[in-house]
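Chain IDs A, B, C, D and E follow the sequence of writing; residue 1 opens each chain.
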Amino acid sequence: MEKRVRELKVDYGPAENIYWVEVLKGLWITNRHFMVNMWRHILHALRIKAEKGAVTFQYPEEHRPIHHRWRGRHRLTVKQNGAMRCTACMMCETICPDECIHIVPGESPDPNVEKFPEEFYVDALRCCFCGLCAEACPLDAIRLDVIEPEICGFTRDIIFNKEFLMGLNNDRPWEEWYIENKTDSKEK
Amino acid sequence: MPKIKINGNEHEFPEGMNVLEACKNVGIYVPHFCYHPLLRTVGSCRMCKVEVSQNMRGSMQSRIDISCKVEVADGMEIRTDTPEVKKQQQMTLEFLLSNHPLDCPVCDDAGECELQNFYFEFGQHDSRMIEPKIKNRKAFDIGRSIVLDNERCVLCSRCSRFLEEVTHTHELGIFGMGSAESIMLKPGARLDNDYAGNVVDLCPVGALTDKDYRFKRRVWYLKSTPSICEHCARGCNVRVDWDLNPYHWHKKTFQMRKHRTEATDLQRIQRIKPRRNDAVNKEWICDTGRYGYKSTDSADRLTQPVINESGELKPVEAGAVIKAFVTGLNSAIKSNPGKVAVVVSPKLTNEEIYAAWSLFRKRLELPNLDHKLPVDPEWTGDDLLKSADPFPNRLGCEWIGFVPDGNGLGVEDLNLAISNGKIDTLLTILADPREFLEEKSLSKLKRKFFILRNLPEDLKEHVDAALPAAAWGEYRGTFTNFEGRIQRLEAAFDPEGEAQPVWHWMIELATGMKKSLKWRKTEDIMHSLSDHVINYKNLSYDSIGPEGVVVGDKA
Amino acid sequence: MDTFFLIESVVKIFTMIAAVMGLATILTWVERKQSAVMQDRIGANRADIFGIRIIGLFQPFADAIKMITKEDYIPPFGNKVLHMIAPAIAYIPVMLLFAVIPMGPPLEIGGRIVNTQIANIDIGLLFIFAFGGIAVYGAVIGGWASNNKYALIAAIRTSAQMISYEVCLGLSLIGAIMIYGTVDLSQMIAEQSGHWFGWIPRWGIFIQPLGALLFIPAAIAENKRIPFDLPEAESEIIGYYTEYSGLKGGLFMMTEFIEMVLISALFSVIFLGGWNVPWLEYNGFNFPWGGTWTLNIWVVKGMQFGAYFLKVAVLIYFFTLVRWTLPRFRYDQVMRLGWRYLFPLALINLLITGIAVVLFA
Amino acid sequence: MAKEYENRELILPTKNMALAMGPSHPAMHGIVRVNAKLDGEIVVEGSVDIGYLHRGFEKSVENHTWNQGIIYTDRLNYVSAMMNNVGYCLAVEKLLDIELPPRGTFLRVIMSELSRVADHLTCVAAQVMETGAMTAFLYAMKAREYVWEIVEMACGARVTTNWTRVGGLMADVPGDFVDAVRERIPLVRDVIDELDKLVTKNRIFGDRYRDVGVMTKDEAIAWGFTGPCIRASGIPFDVRRDTPYLNYDAFDFEIPVGTNGDVFDRYLVRMFEMEQSILIVEQALAKLPDGPVSVDNKMVTLPEKADVYGSIEGLINQFKLIMDGHGIQVPPGEIYQAVEAANGELGFYIISTGGDTPYKCRCRPPSFALTAALEKMITGQMIADVIPIFGSVNMIGGELDR
Amino acid sequence: MTNEELQIKFKERFPDFAESCIIDKGHIVAEIPLEHMELTLTTLKDDSEFDFKMYMDFTVVDWMERKPRFDLVYHLYSVEKNHRIRIKVGITESQSAPTMSGLWPVADWHEREMFDLYGVKFSGHPNLKRILLYDSFKGHPLRKDYPVTKRQPRIESTFPTRDSQYQEKDLKIHRGD
């Protein structure tokens, strides 16, 4: 299609030049927002209407609705018998641009499975949550579908290990795991 | 010499060459599984199909044929790019893949697997297989170092041909018919010969895998450096496959956390693979060379200069050890240069030997220099590759002249000389003194200096001062093999800790003794070496090609 | 000086301080909450006592605790003494001004007329001008003593801006003074009671519309709030109190809120009739259409107190609305506005008022 | 302005004051420093320091595979990351000589234009906020949130999108995507209208923005301006029309130009462009075809997950595309691909020497030229003008410093 | 103007390096020897036939083994005529290129950037110093022989008050050893 050009020009007339007209118009907009929101807040507080007067979310109590495609934290999926799906093929480690995944492969104790990861680390602070690992996985073993926005609670030293990444399936809070792990390493 | 046309272009090839090789020579790669240039041609995989047009009974007739079995003939026309050829290759590949298990995630061969490469390059078909795949034996232990997986096998028979034609040991064979056909051990046999590891290299897919490398690292992580095996005088051409990544992870990121501390994780060399050199080792290496890399990162590796302080070895800075070396040697030489013995191992490269020779013979004029370490009685050579001499550079030592002076003492005289008190100072380079000295003469020595790669626990009591030497894979240089062939080895990675190549320590030592050796890198030493030693005349790193050069009176 | 007067004065002083400080504290909450609601947010509501939050009303207390416990940083190369006293210089004159601001209608207690001003002096407005002029020193000295380039620029801007706008502020009120014929604030309110034609309240805004219109920008400029917050201008120069922390920084902020109460009160006193409610007289409502609604005298007084408070509250709401809606001027634009527009307009206003006073008086 | 003070030396001997604004300064976002020499309120001399956010974009991309490079482009202009994704992938696709199926192209257009809306909203909002009007800023942020919700729906993340792949997209958009966009467009429009009413005619804004940071036509060209800034100077240069890419030829939209080249014109251009972008999105939504979003080429696109889990062919394909040294094999060659990003021409100059990693990947950041001209624009202005000028060039640190 | 017309014009105007002017994937590419660079670029800018008034992009390519080692790559654009050209100039490590900051003011920063990242020197540049990296940075990171994993200490503190021991410690922490 042809290139259409439009010249923009805004000239101020006397109404604009005396400040007060446009200032009051602007004030009217913000005032209207205040009044409407206040009304909604009151209705919400009185439990008359469910919607509230603000577009923000009060984070810890109230979570933003997240689309199901959300790329959150990693987890390792398990088979029906509870064993991990991962076979340490290193696809995720290979494609990871941040080198945040480290896998130590080994011979599986299960005779039906040849190879499995003896250790599976995800350095969550290196991770950029690009989702390439889930895309690369040939076995649907790693996913980024844990909807849990916070990753660092009170520390910046977070490396998830295999048990934790699998343990997410039974909803164990990560702090618990972290405290266990931390005391572990202290003793050693 | 027959002239043939390949994809329209005319070329000339020697008589008897097959079409596959001919295509390879002009840069057209024909996919193949079973064909191997060093083995008998069987034509079992049917992958290398090309269109062959030949004058038969007066008219050009074209057919699709396997290129490995067709010899070039005058007037032949080959096409590798017709749709029919493509289709045939694709269909062959589809057949081969129809029963192939979904094993790429666990297969060690993924990344250098010909099935993968050919699928990507020649196949690219969609799967049509809906029947269940045939199950077969998996992860079957067939020998000291080999694991067999029959499901992945494409029955190319390279392995059994190798065992028949090269080693003549006949451990593997093909049994069964139809879909039950599979590679198996012959009854009562186990794949335990000295060259068993080669079947892994030969296997184009992941059916035969190496226990030593099993699940260790993925192939595509490895970086390769060409090198020369140091385990016998043959000087087989090898490739060092190494990866520093897990090493760094464990050293840096995970040292604070619980992690496996097994030595395998900290190994930098992951595996050794042969390089093709028809003049030396064709494409085979023995298992001694293949699995002999582990001392580079073994637990007893000496990574820091150590000095004996009141009966205890303490890691110190290199300067302190050099100083100890210098004062010890100087005082011994001042009293009598004949009281000092220097023994080097013929594992040193030509450059290192020359550096040591320049210091001890040319500058210090010591009479008692020798390299003739006794050969381990357990070592036996064979007529395929393994030489009777387990040292890679004995000829180089002789040529450079690291031998006793006219009336100097050799290694075999040392025991007697020490007990007589004729010798009280010993410097050995890369050699364990207990190989040639008795325990009592070792303890009788006044000064004992060592330059070592590995310091075993039970040698520590005898050490006065020791410098760490770079291990195999950490330095570059040249070896002279038993037939006078000079070959280059390259450094794969930096030396561990404070270790340095021997020539570097020689230069430091010379500086400490005020005898200047002015070299900066191995090229400089090679330069002086070619100037001063007759056999190495006009030699430089560039003139040593990938196959090496034979020099001296052997040429 | 009798005992009653002493008691009365002490009670008034403490009431005033409590009222002003309380109002200023609540204003920090109001400012946050009002801006939040304007901006479709919820606003600060995290501070709680035993889990009770009451829409963030504890936030000012949390702020106070934070300010008290914060490190009181004194820049090492500045003038320490001046740096220390600058917040006080800013804060004290503003507090002093409330001595002449009436809190409500005079009460009759025990037969005595009790004025709700702390000091019922005749020169109320002049007092305000005089002490309001001192407030500029706080900002200037604070900015200068910090030995910070940003603070210095801010200090210079403060002095220029406040001195300029004090002129407009004064001139915009002189019209009202001429009409009321007094500078006593209670007297001015009293002048504004009653109606013209029985319908229109005799508020200052109706006879001094231009004066009121000029008073608002001048007052905001004196208050150093957007759109005249050049001395602060957070995103340009961080403000004259860049180097202040803890309680001293808090005093500067508090001053701002107190000043806002002050100008609201002043505006309602001079232009909105103070505590006057249309048609409300001492005995109740006397509507112009003839109806009356008799009320108890205390109810009337309560309504007048309420009206006064309401006027101040609405003005504060208005000023906050302005502060969060408008951008700030540039330095030269502020000066141009002050000297080229507001100042001549104020003079014209004065001229017209003078003529009118001469003609109709 | 400066004329009024020309003879100051005669009256009072004065010294200029050096003032370092940034990097820790509220308006400098922590990523740039303006070293100003002040004569009173006037900037006599200004210089700009950058590099506080330098991450080695080029070196990183050179050391990663083609698809891994996309995540680094996310971080260039992190407000409209999808446009960077699109630009990079277009360049690589040109080297590979492949063309996207129509649905993929349309989706790229839709998301690019929505990103442009988000970026312009951010720029206008920040510009307004830095002159003191907080409420307008938050209204714009609210609208940007609507856009980012759509972005999240398409790719699962809001800022670091990593949405495109060489030869297609990460995945097709979910089924409710079109409805969601249609639902949010009026909301965004409302906010833009509101912003317009609050700002455009208000004289306080006008005074702050007019005749500030003026770049004439010739200056704008000489300083390499592109995007809204060059259009504000009166030159209708738009990569979407002048060197068309994707299928922008199929859409009808207007190119706004300003008259003075000052901050106010840049604001007007951005406001008008948001309207046009929404128009393009509406046109694209109406025409959005069905079909695949990625090219059907086993050498480039990852196979379907069902194939990977169920057949050896798919598994091999997956492995070959991911393993180091195998991957997507881009033929040797070089390409310069420009796209009209929110700030101007975003060019990717990519050199391939064959193999699975780029040999060189130069990014031509639009902000770079604009920030280079900042020195010129602020000289002679007042210190308070530095802020709107700086806001109007919309310097994004990730893009500037790479 | 179409690419082909521009190519013909370029060849007419600069017959010395006419054969180097090719069309590659829709772009006109021309290679120019270093000594002719200044004159050529000036002509390209000032000649109304070419009218390359806009200095779109400038970068350097490091071809490690090749001689000369670097390529200066200019992308020029004409706003009036809407055409683009890519100019390549080979340069060795020791040579220095003439600065273009006199012709296009924006070249100032572009050249500083390339000096910073590649170490290519520009003669006559008014302010040739590092722009993205800090002054004490050693080496030029975009050269192919600069290892990607190489680490350098951050800016060395110039404050005399700071204890040198702390510096040592900080550096160690940063390096990760």
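Following the convention adopted for this analysis, a residue touches a chain if its C-beta (ideal position, glycine included) is under 8 Å from a C-beta of that chain, and two chains touch if they have at least 3 such contacts.
Please read all numbers here as calculations on a predicted model, not as lab measurements.
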To get from chain A to chain E along touching chains, fewest steps? 2
Pair of chains ranked first by number of touching C-beta pairs: A-D
If you take the mean of the Cα atoms for each chain, which one ends up farthest from chain B? C
Whole-Å distance, chain C centre to chain E centre, using C-alpha means? 61
Can you check how far apart chain D and chain E are, centre to centre, with Cα atoms defining each centre and the answer in Å? 23
Give, as an integer number of Å, the spacing between the C-alpha centres of chain B and chain A. 49
For chain B and chain D, what's the span in angstrom between their mean Cα positions? 53
Give the residues of chain B that touch two or more other chains, as numbers and ranges in rising order. 104-105, 110, 218, 220-221
Expected list for chain A, residues touching two or more other chains, is 23, 26, 29-30, 33, 55, 91, 94, 138-139
Sequence positions of chain C contacting 2 or more other chains: 38-41, 324-326
Edges wherever two chains touch, nodes for the chains themselves; is that graph a line, a ring, a star, complete, or other here? other
Every pair of chains that touch: which are they? A-B, A-C, A-D, B-D, C-D, D-E
Would you pull the chain D residues touching chain C in the complex into a rising list? 1, 17, 19, 25-27, 38, 41, 128-136, 138-139, 142, 198, 202, 204-205, 207-208, 382-387
As the complex stands, chain E meets chain D at residues 24-25, 27, 53-57, 59, 61-62, 73, 75, 79, 82, 84, 86, 104-106, 108-110, 113, 117, 130-134, 141-142, 146, 148
In their complex, what parts of chain A are in touch with chain B? 87-91, 94, 102, 104-107, 114-115, 118-119, 121, 123, 138-139, 159, 184-185, 188
Provide the residue numbers of chain D that touch chain E in the complex, in ascending order. 50-51, 54, 56, 58-60, 62-63, 94-95, 221-224, 226, 235, 237, 242-243, 333-336, 338, 345, 347, 349, 351, 360, 362, 364, 368-369, 371-373, 376, 401-402
Listed in rising order, the residues of chain A that touch chain C in the complex are 20, 23, 26-27, 29-31, 33-34, 37-38, 41, 52-56, 58
